[in-house]
Amino acid sequence: MIKIREVDLFENLKRKFDIRIENCPRMFLDKGNELNSVQKDMKCIVKREYSAFDEHLTDDTELKCDTELNHIKPDIYLLRVKKEDIRQILRYLKNSEEYFFERLDCMVCCDRKKDLEIMYLLQSDKYNVKCGIRVEIDKKENQIATVSDIFSNANLEEREIYDLFGIKFINHPDLKRIFMPEDFVGHPLRKDFIIQRLN
Amino acid sequence: MEKILTDRMRINIGPQHPSTHGVMRMIVDLDGETVENVETVIGYLHRGMEKMAETSTYIQYLPIVDRIDYLSGFFCSYAYVNGIELLMDIEISEKSKYIRTITMELNRMASHLLWLGCFMMDLGASSPFFYTFIEREKILDIFENLTGNRMMYNYYTFGGVKRDIDKENLYAIKKFSDEFVFALKDLEELINYNPIFISRTKNLGILEKECAYAYSITGVNLRASGIKKDLRKDKPYLIYENIEFNVPISENKDVQARYILRIKELKESNKIVQQCIDWLLTNLNNKNIITDVKPLTLKPEGIAISEVESSRGLMQCIIYADGTLNPYRIKWRTPSFYNVQIINEISKGYLLSDLIAIFGSLDIIMPEVDR
Amino acid sequence: MKIIMSSIEKLYKWSRLNSLWPLTYATSCCGIEMMSVSASNYDIARFGSEVFRGSPRQADLLIVAGTLTLKMSPILLRLYEQMAEPKYVIAMGACACSGGMYRNSSYSVVKGVDTIIPVDIYLPMCPPKPESLIDALIKLRKKLNDKNPGGRFV
Amino acid sequence: MYLFQEILLKYNFSDWFIFIAGLVFYFILITIFIIITVLILVLFERKYLAMFTRRIGPNRTGIRGCLQTIADSFKLLFKENIKPANAEQFLYFISPLIVFIPVILLWLIIPFTSESANYQSQISSFLFLAVLSIPVFGVLTAGCSSMSKYSILGGIRSCIQIISSEIPVSLVLVSVVIFTGTLDLNNIINFQSGIFLNWNIFPNILGFVIFFICSLIMMNRTPFDFPESESELVAGYHCEYSGMKFAMLFLAEYALTFVICTYMTALFMGGYNSPVGFYLADLFNLNNGFDYILKNIEQLFWISIKTFLLIMLIMWIRASYPRFRFDKTLELCWYILIPLAVFNLCVEIFIKYLRGIL
């Protein structure tokens, strides 16, 4: 029921902090055909939520990130964020009450041949809104700061991504493989991992 | 009296153990009998479902989807199929929506019944295990003559349902749901006010709200901690808007609360099933259960996040589709993967036998954790 | 002397047939079917084997129910070695017989249990219906009846 | 036993030989009798529990499954007995014997028929309790010697449990003894002869309830079956045993159940005298030795009927109750049962005093 389509929620966020918008690569842009019947009433629900966002905008924290607007369905917003300030954004989104994304649903990692991409799916119960933060990691120095102290369920999630994709998380409590046996070589979910096909 | 210092004993409740549902190893540090620290080792059932998605086309991946959570196969196939329908903007007919809801609710009842049997077996009472399985066999018989298989259904396709529900099936479901009310009453009389059961499960394994949020717990464990969060009410999908049912909640966040909530959910699902039957019985004649979509040459494009409230919690299927025949990447967000992580938090300071009860009450099964 | 020996052998075979105590070893979907076999509708207690022994020492029938992954195979091997000698193995389900649907598209599933432990009865289907599990049990009893009692019939 | 010794007298062996032969013969007779009753008991339990859960118990072996437990025991007989590497060999081998031998001794003490009265010891009820605590050592050594964490926990749990449940039992025994005035089981039974109204159970109902709960704990039956609670400590103290040694432990547990039930019937429900006061055998009053044997058989019949009633009650509880938590059982024993037993003692003395006046 949630499909990635285009709506610009962070318009007022753009006015507050100088955020640059980057277009998402061709492969993942969704066909922007008009909403069909089911999603029409969804649109009006979101309209009401906007007003909730306007009054609460406070400019205490200095948020430096080039959030990239993606064409997303009313319920979910995709932001493309740089790798360095992922922790700051997540902490800001979690603790500030105008966004109040207090639940990390899951961390989706995807190998896009030229670089690895992690999407943090956040969910806020107060405004019934989801937001996905996408981070690119290039394959050579695949390192990123851990988030497990902000969201404690990211602990096992990051170990799974380390196990299947090989991304090392800086100062993660105990980074070990969870799915594969310890002596397993290679990271299975990478595109260049070939399963030994039986003849 | 200051605590007597006993040396720690490290016992591992190994992969093959009657009370770990499936294969999970818990390394428990015991101080005498009280549990100090539980480290869970998982991955004994990792079959690489997500890698298989990349090597098979959309229609080939459909039968494999039931095996992700074999106790509630319909939920997984719905999550996958709904994701594709979102991407392709396929509209499914009213009747197939009702068929999907009725099969999903029956599947939820079957999974809760199995949980109830195993939970009571963990606590030591052996006879409720058999009573719940008698009821569960009835549901499985209904699924068998509806979809052909007891547990792996492969019944949903993109755009609808493969076969229509005929009259006998509907009357069988009606007979089952009427009898189920009395059977559940007998079970409750046996278990609910049993003093030993109450003393074994009262204020045990307390799950606070912050801890539930921090570990993004979903489903009955969350609702047992007093947070009213049910996808069927927040974002009603399928036909949950025009079906009136309530979501049970309890405040005292312990093992007993989870037990009571699951029993109430069984009743709610039974009510939903009855409402669906009435609608289905009225319009038996409209036969359009599938919209003509050419599944073999399906080429969707974009990202889809399709959610469903499975019997264990919020299940999400995130599909990266790049317009070719094979999905680029499919990620399953399964609820048990997150429920497993809180065992260490909530079972500190309790006895060994309580640890088994707490683990049983979380309703965790391993294929969901290991995918 | 001959008569006594043969009658003892017959008695030994008969007693082995009728009390096969299975080990509670259930990994995935076939484990659920194994549980429903021991429940009321399809009653395995009729064959005297509803006593599901927890520890491998006392069990003499290992029903490998469910997928066997790389990480689990050393544990299954240790379980098999811990069981007392006249032991039998039923490979239940397609995943146990030959790796099933994960045979050539999964990196972590062992291609069939017989690569690790000797198997007596193969039971295909995924998951096998309880009736077919009982049928496998009956076949195992027939197999025990006419084979030499002591030797390992690989 | 005396019949056998009279036969021996005819072949004029030396008398000490007769004495030993008599004992050995009686010992063998009792073990055979135990094995038969235990086999019937195990089969009965599986069928009885099957009835509860709407399934048919074992009915493939023999006619309608009657030979099932015999098949089980033979299979266990022929199984390979494994010596775990790091277990202490001697203790590991001895402990099943330590558990099994006292159970047989217990059977010697129980008066099954009035004919067995003349060779019983005067303090048989007290002797029963003394011998009852010997299997605890067997269980403990079995648990600790097999070096697996589960069996250690199981062994410790079961011996704490039996010790803590022996105190209320002895207190209740004291109350019964005060009430009947003798320590000897036979006299207790004779005290309760006549219509079943003057059984011990009616004046001493609280004592019976306490005794019943403590015997449940002693027999490791649900809801107190901690040592081999399969969901927690996989198989408790007999986790490392297989084959013949496991059969012995299994046999000992069921024999213990049967013996404690007979002891309970002897103490509270009038051991072998029939509820209606007179015996069927008296009607025939043919005064050669034959009616004497008939009377014994009928007495045997009565005591086994009452024991089976108690066992059915125990198994019924097994089918319907979950397991207690371990520390709650100890709490139950120490904080509730012992004060109750003391209170019951005072009540008994008061009733005795009242009965004395009337």
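The first chain written gets the first letter, and so on, giving A, B, C and D; residue counts start at 1 in each chain.
Keep this in mind: a residue touches a chain if its C-beta (ideal position, glycine included) is under 8 Å from a C-beta of that chain, and two chains touch if they have at least 3 such contacts.
Computed from a predicted model, the values in this text were never measured in an experiment.
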Count of steps on the shortest touching-chain route from chain A to chain C?
-> 1
Could you tell me which pair, B-D or A-B, is linked by more C-beta pairs in contact?
-> A-B
Innermost chain, taking as reference the mean of every protein Cα atom displayed = B
Between chain A and chain D, tell me the centre distance in angstrom, where each centre is the average of that chain's C-alpha atoms.
-> 67
Between chain A and chain B, what is the gap in Å from one C-alpha centre to the other?
-> 26
Cα centroid separation, chain B vs chain D, in Å, comes to 46
Separation of the C-alpha centres, chain C versus chain D, in whole Å, is 36
For chain A, residues contacting two or more additional chains = 179-181, 188, 193, 195
Going through chain C residue by residue, note those that touch at least 2 other chains and give them in order.
-> 39-40, 52, 54, 71, 105-108
Which positions in chain B touch two or more other chains at once?
-> 17-18, 43, 46, 48, 51, 55, 129-130, 134
All pairs of touching chains, please: list them by chain label.
-> A-B, A-C, B-C, B-D, C-D
For the complex, which residues does chain B have touching chain A?
-> 42-43, 46, 48, 50-51, 54-55, 82, 86-87, 89, 91, 213-216, 227, 229, 234-235, 237, 301-307, 314, 316, 318, 320, 322, 328-329, 331, 333, 337-338, 340-341, 370
Quick one: in the complex, what on chain D touches chain B?
-> 49, 52-55, 149-150, 153, 222-223, 225, 229-234, 318-328
Which part of chain D faces chain C closely enough to touch in the complex?
-> 46, 50, 53-61, 65, 67-68, 70-75, 77-82, 150, 230, 234-235, 238-243, 246
Residues of chain B defined as touching chain C within the complex | 14-18, 22-23, 43-48, 51-52, 55-56, 63-64, 67, 70-71, 114, 118, 129-130, 133-134, 136-137, 140, 150-152, 366-367
Which of the residues in chain A end up touching chain B in this complex?
-> 1-4, 27-31, 33, 36-38, 75-76, 78, 102-106, 108-111, 119, 121, 123, 125, 128, 130, 151-153, 155-156, 164, 177-181, 188-189, 191, 193, 195
